[in-house]
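Going by the order they are written in, the chains are A, B, C and D; count residues from 1 in each one.
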Amino acid sequence: MKLTKLAAIAVAAVTAASPVLADLVFPALSYRTGPYAANGIPFADGYADYFTLVNERDGGIGGVPAQLLECETGYNTEKGVECYESTKGQGSLVYQPLSTGITYQLIPKATADGIPIHSMGYGRTSAANGDVFGNIFNYPANYWNGASIAINHLLEINGGDISGKSITLIYHNSAYGKEPIRTLEVLAEKHGYDLTLLPVDHPGQEQKSQWLQIRRERPDYVVMWGWGVMNPVAIQEAVNIRYPMENFIGVWWSGSENDVIPAGPGATGYKALTFHGVGDDYPVYDDIQKYVVDTGKTAGAGDQIGTVLYNRGMYAAMLAVEAVKTAQEIHGVADITPAMMRDGMEALEMTEEKMTSLGLPNFGPAFSVSCENHGGPGLGGVAQWDAESGKWNMISDYSPSDMDVIQALIDEDSAAYAAENGIESQCN
Amino acid sequence: MFYRESGDFKTTYAKDTQTFPIKLDRMGYYVILAVALILVPIMLMKDVGGGANYWTNAIFLPFLIWAVASIGLNILVGYCGQLSLGSGGFMAVGAYASYKLMTWDVPFIGELNFVVVVILSGVITAGVGILFGLPSLRIKGFYLAVATLAAQFFLVWLFNKVPWFYNYSASGQISVPTRSVLGFQVTGATAAPEAKYLLCLVILIVVALVARNLTRGRIGRSWMAIRDMDIAAEIIGVAPLKTKLSAFGVSSFFIGVAGALFFAVYLGAAEVGEAFGIQKSFLLLFMVIIGGLGSIFGSIVGAAFMVLMPVLLKNIMVGHLNWATDIAAHFEFVIVGALIILFLILEPHGLAQLWRLLKDKLRLWPFPH
Amino acid sequence: MSADFFYTVEVIINGLMTGVMYSLVALGFVLIFKASGVFNYAQGVMALFAAMTLVGIQTGQVPFAHLINTIFGTHLHKFGWEVPTLLAILLALGVMILFAFIVERYILKHLVNQDPIILFMATIGLAYFMEGFGDLMWGSEIKNLDVGLPQGGNIWLENATSDWADGFYGFYLDNLDMWATAIAVVLVASLIVFSNYTKTGRALRAVADDNQAALSVGISLRTIWVIVWSLAGFVALVAGIMWGAKSGVQFSLSLIALKALPVLMLGGFTSIPGAIVGGMIIGVGEKLFEFAVGPYIGGATENWFAYVLALLFLVFRPQGLFGEKIIERV
Amino acid sequence: MNATAESYVTEDGRTIGAPVMEVKNITLKFGGVTAISNISFDIREGEIRAIIGPNGAGKSSMLNVINGFYHPQEGEIWFHGEKRKPMKPYQIAQQGIARTFQNIALFKGMSTLDNIMTGRFTHMKTNMLKQAIWKGPAEREESLNRDIVEHVIDFLEIQAIRKTPVGRLPYGLQKRVELGRALAAQPKLLLLDEPMAGMNVEEKEDMSRFILDVNDEFGTTIALIEHDMGVVMDISDRVVVLDYGKKIGDGTPDEVRNNQDVIDAYLGVAHD
C-alpha cells in the first residue's frame, strides 16, 4: 500500500509542473551552484531582474507579462538537458544555455524543436552563420571576434605594428579555452607576432608552472581565456610575478569583479574585453532600484547589481525583450510563439536611440542581425580594472574585429557542420 | 502466504541455478519486462501526457545508460574486488571510439552499422581497460583506486589534446551524426524517443543477462575468489593477473558500450573534460556501492537512485513547492548525502541487500518464527 | 652556471613548495586513515567548509541568510561586525570540532566494524551533505580570505640573485608558499610531538596499530574518533586558509583533494612524514615534467603526470614510500 | 616404471604405489634465517603422509614450498617422475595439487556450494563467450561439475548448509567446507595444513573419518600437518618429523615413535 502510494507521489513529482500559458516564457538555465556559481549568480540575477523590471514598469512586453522559468544546471551538461526538456514544452521562447557544453547539446535539439538559442559571447562560434544555423544566434560578438578585438587593441596601443612582439595565450584546457587559438594563429601570420600557447587544466587552482614560464619568457602581452577559479588565480599569479598588468588582457569571461578583487590593489591595470557597458551609471538602474529592489523583488540578494556579469545577464534579457518586441511588430501578435521569436531575433536591430530610450545609452554596440549573419558585426571594447575605486572603466569604444579573417573561419567551420548533418541553406 | 518456494521443487541443477528461483519473482520479472518493452514504448510513441521527450531524454536514457555502466563497474568492483576510479575515462574511450568509427568511411563497407559501432567501441574500451588494469597485480585496495585515477586524467588529457580524436574540429567538441538501427533513427535530435529508449533498454537487458551469466559460472566464481581471498584463489588454480585483467576487460567493455551510448544516443554532443570528467567516475562508484556490491540488480537500482533521486527532489522542491532553484539545488545535495548515509547505516550492503531482506521477511510472513 | 640551470633550480624549489601545499591536504587524509582506516573522501569539502566558516565568521555573515530571507522575506546579510582574525580562526576551529562530534555521533558510531569501502561511501555521503550544507549556510559566491598572510614574489630574494647569470631574473619564491612551508613544518612537528609524547597521542597510535588491543586496554574508540576528526578538521582549516588565500574561497577549493591523492599513494595512507615527502616528490615531479617535457606534448600535463608518477612508483614499491614491506602470510 | 615393483598393500587392504612426489634437498631461507635446511622425503601414491614437528619446525613452510608460495634456494621437487620447474601456485594447482589452510581460507562472500564449485575451476574449460551465452555448453558444463560437487557435499554431509554464506558457518563446518573445496578438485595430491586445529574431540573424530574415507574411497594421496599426535599416529601411513628446519625422523608411526631423536625433540617429557 505504502509503496504504491509512494510510487504515485513519485510519478506525480517527476512530471514537471504544468505549463503556464498566455505568458511570454523565458527559461533561464542558470547555475547558482557548482564550480562556477560565483559567476552564474550575478548573470542569473541580472537576467531575472530585467524581466521583473519589464513586468513591473511596463506591464510586460507588448502587454503580455514575461515569465521566467529558472532551472538550475550547476553548469552540468546532463542537468542542462533535463532543464531543456522540462521547460521546452512550456512555451519557452528562447534559450540562454550559459555553457559551451550545454549549447552544443542544444543546437541540434532546439533546431529540431524550432526554438531559438541565444548564446551570447559563448557557445559555437560558427553558429554566427545563420545560413547553416537557422535557430542559433550569438550576437553581438563571439570568441573569434574577441581574439581579434584583443589583437586590434594591441595594434592600437602599438601604433599599428606588433610584428616581432611575443604574445602568450593562457587558456582553460577545454573546448572553450581552445576557441581563440585558430584565430590567433591566423592573425599571427597576418601581423607577424609570435604566439605561445599555455593550457591550464581544470580547475586551475595551481598555475605555478605556467606563470614561472611567463616570468622566464617575459612575453610582451598575455591574453587569457580563463574560466572559474582559473581567473583569480591567474591574475593573482600575474601580480605575484609583477607582470605589467596593462599588458594582460582577458576575454569577457575573465573580466568580472570576482576575478580581480582577490588579487587586491595589484590587479589595477588588468584589461578585459567586453561587449556591453560596465558599472551602474545608466538610467536603467534607477528603474531597477525603484521597481525591483525597493519592491523586494530582486532575484538574488540584490548585492550584484552593477557588476560586470549582472550587466551581462541584464543585457541578454534586454536583447531578448527587444527581439520579442520586434517579433510582435512583424507578426502583429502580442503572445508570440518560439518560431515568431526566431523571426524577431533575426530582424533585431539595436540602435543607439533604442538603447538610450531603454535607459542604456551606449551600453552595447549598435548592430543588426540578418538571416545570413546571426553573429552581428562583432564589435567589442576593452575595459580596465581600477582596484582603488573598485570599478571597471571602458578604455575604448566598441570597435570592429577583423571580419575578413573571421568570416573565412566561420564559413569553413559551418560548412563542415552543414555537410556532416546534411543541412540545406536556411536563407533562400 | 503467497510468496513461497515450498512446492516449487527444482528437479535439475539448471533449474536450481536459475536467476529467479521463486515463482512470484519470475512472474514479476516478466511483468516488468513486458511493461518496459511494450507498454512504455507505446506510451512514448503516443506521447501520453505530452512528456515523451522529457521522460526519454531526461530520465529513461540516463537511467538505462548509467545502469549499463554501473553493471560494468560492479563486475570489477563488486565481483572482482578491484576498486576503480577510471570509469569516466573509460566511458570517454567508448564515446570517442564510437565517434571515430561513425565518422570513418570503411573501405568496401562504407558506414558501419550503429550496433556494430557500439560493440566495437566496447571492444576498444576493453583493450584500454586491460592496459590500465595491469598495475592491479601489484597494487591493491584504495591504492589501486587512486592509481586508476591516472587513467582517468590521462585519457581526458589525451582526448582533449590530440585533434585526431575530434576530427580537428575548431572547438574540440564531438557531435554525433544521425544513425539508424533496423530503419529507425536512434541518434541525433530528430530520433523518436521510443526508438532511443528501446535501443538502450535492449542493450541494458542483454548486458544484464550477459553479466548474470558470466557471474554465475566459472569466470564469475574466479572473480569472486580473487575478491574474497586472492591467496586461496591461487591455490584452486585461478591465475590472479589473468583473472583480474578479464574483469577489467569485461567491465571496461560494458563501460565503453555505456560511454558510446551516453555520447551518441543521450547527449548527442560531448566534450571530454565536461562529459567524462572525474565526477563521472565517482558518480558511477556511488551507484555501485549504493545499489549493492556484487549484485546485478543492485547496479540497476543504484543507477536509478543516483539518476532519479536528484530529478525527483528538484521537481518536488522547484516544481511543486516553488522554492528558489539554488536553495533547492543545495538541499538536493544535503538530502542525497543524508540518504546515502542513512541507507548505509540501515543496510551497509546496498539497496539490493535491503530488497533481499525484505523478500526474506516476506517469505516467512506472516509466521516469522 | 647558465640561466637554464638556475631556472631548473627555481622550478624544483617551487615544486617543493607546491608539494608542501599538497601535503597540507594529504595530512588530513592520513590522520583519519591511520586512526580509523577510513578513507575520508570529504576531506576536500571539509577544507572548503572550514574556509567558508572562517570567512563567514570573520566578516560577520549571517549563517543561512539566503534561506532565512527566502522563507521569511527578510533581508538579512551581515551582522555588521568584524571578528578579529585570530578569534575567527579559533571559532572556526570550534565549529570543526563540533562537526567532528556530529560525524562521530550520527555516522561513525553506527558504522563500526564495517568494510572500509562502506565507510568510504559514508564519507562520500558526508561530502555531498556538507557541500549543500556549506552553501546553504554561507552562500555559494566567491569569498575573499584575508588572514594577513603576505602574498607575492619575494623581492629581496629576487634582487639578491638576479645577477647570478645572464638572462636570469633572480629566483622567484612566493611569500605565501614560504609561509605555508613554515606552517606545515610547525604542524607536522606538533603532530609528531602530540602523537609521541602525549597520552592521547599514544592512545591514537595504539588504535592505529590494533583496534581490538586498544579497546582491551580501555581506550575509548569513540573518543579517539572525535579527536582524529577534530584534528583532521583543524588540518582542513589550515589547508583551507592557505589555498583560500591563493584563490579565494569557492567551490573549486574542494577539488584540491584530487591533488592530495597521488601524494597519499606515494607517501602511504598511514604515514605523516610520507605525506610531506610524498607531496614534495609529486610537486617537484609534476613541475619538472611540465617544465622539461610539457612544451613538446602540449602542456597541462600536471594533473595526470602526478598520478602516473605515483603509479610508476607504486608498481615498483607497492607499500609506498614509508610503508613497511607487506609480507603475505599463508 | 617401477611403480608396481615398489607398491605394497597395507593391512587394511589399500594399495600404496610408487612415489608421486619427491622432495630432494630443499633449503629455504628468509634473509638470514634458514627455515628449512636440506630436507628430502617422498610421498607415495595412495598413502597418508604426515609431517610433524614442534612449532617453528618448518612444516607449513614445507607445504608452501610444495604448492609454490615459497621458492626454495636449493633443492628439487619431482612430481610424477618429472622435475618441476619454478611455478606459480595456480600453475601447481592446475597440475593437480590441492590444499587447505591452517587458518581457514574460504571465500567469505560466497555460499558453501559456490565455494566448493570453485574447487572445480581447473576442470572447467568453457570460454568467456560460451559463458556469456550460458545456454548450451556453459550450462551443461556447470551441471556436470555440479554433479561432482554434490557428491562431495553428500560425502561430507553438509547438504543442509549448501546455500548458506560460509561466513556464517561455525568453525568446524568451515573447515569441512574447505576440505570439500580441495576434494572437488579431485587432486592427485591433497595437502592438509592442520585440518584439526582448534577442533573439539567430536569434530576431530569426524574430520579423521573424512580424511580416511577420502583416502580409502577415492584413493587420494594426502600429505598433512597435524599437532595432535594421537590422531597422526592413528591415521597416517608414514610420518616425517621436522625440527628446527631439519629432518630428524622418517618412517611408519611405530618407527617414528621409537626414534630417539624424535622422542628427545618432540615427544619428550618436557613437552607433554
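One rule holds for everything that comes next: a contact is a pair of C-beta atoms (placed from the backbone, for glycine too) under 8 Å apart; a residue touches a chain by one contact, two chains touch by 3 or more.
In this text, all values refer to a predicted model and were calculated from it rather than measured experimentally.
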- request: Could you name all chains that are in contact with chain A and with chain B at the same time?
  value: C
- request: Name the most central chain, where centre means the mean of Cα atoms.
  value: B
- prompt: Of all chains present, which has the mean Cα position farthest from that of chain C?
  reply: D
Statement: Between the Cα centroids of chain A and chain C the separation in whole angstrom comes to 35
Field: Centre-to-centre distance between chain C and chain B (centres being mean Cα positions), rounded to whole Å
entry: 33
Between chain D and chain B, distance of the C-alpha-averaged centres to the nearest whole Å: 42
Task: Mind checking the centre-to-centre distance between chain C and chain D? Centres are C-alpha means, answer in whole Å.
output: 51
- prompt: In chain A, which residues are in touch with two or more of the other chains?
  reply: 32-33, 37, 41, 173, 201
Field: Overlap residues in chain B, where contacts from two or more other chains coincide
entry: 157, 231, 324, 326, 329-330, 333
Message: Residues touching two or more other chains, restricted to chain D: which are they?
response: 69, 101
- prompt: Which residues of chain B touch chain C in their complex?
  reply: 83, 135, 138-143, 146-147, 149-150, 153-154, 156-157, 161, 231, 278, 282, 286, 289-290, 293, 323-324, 326-327, 329-341, 344-345, 348-349
- prompt: Where on chain C does chain A make contact in their complex?
  reply: 7, 10-11, 14-15, 18, 21, 65-66, 69, 73, 75, 77, 135, 139-142, 144, 151-153, 169, 172, 174, 243, 246-248, 250-253, 255-256, 259, 286-287, 290-291, 294, 298-300, 302-303
- request: Give every residue of chain A touching chain B within the complex, in rising order.
  value: 10, 13-17, 30, 32-33, 37, 41, 70-72, 74, 77-78, 81-82, 85-86, 88-89, 100-101, 104-105, 107-109, 111-113, 124-126, 173-176, 178-179, 182, 201-202, 409, 413, 416-417, 420-421
- prompt: Mind pulling up the chain B residues that touch chain A in the complex?
  reply: 49-51, 53-54, 57-59, 62, 157, 160, 169-173, 175, 177-178, 188-190, 266-271, 273-275, 277, 308, 311-312, 314-316, 318-320, 324-326, 328-330, 333
Query: What residues on chain C touch chain B, complex-wise?
result: 39, 66-67, 70, 106-107, 110-111, 114-118, 120-122, 124-133, 135-136, 140, 258, 261-262, 264-265, 269, 297-298, 300-301, 303-304, 307-308, 310-311, 314-315, 318, 320, 328, 330
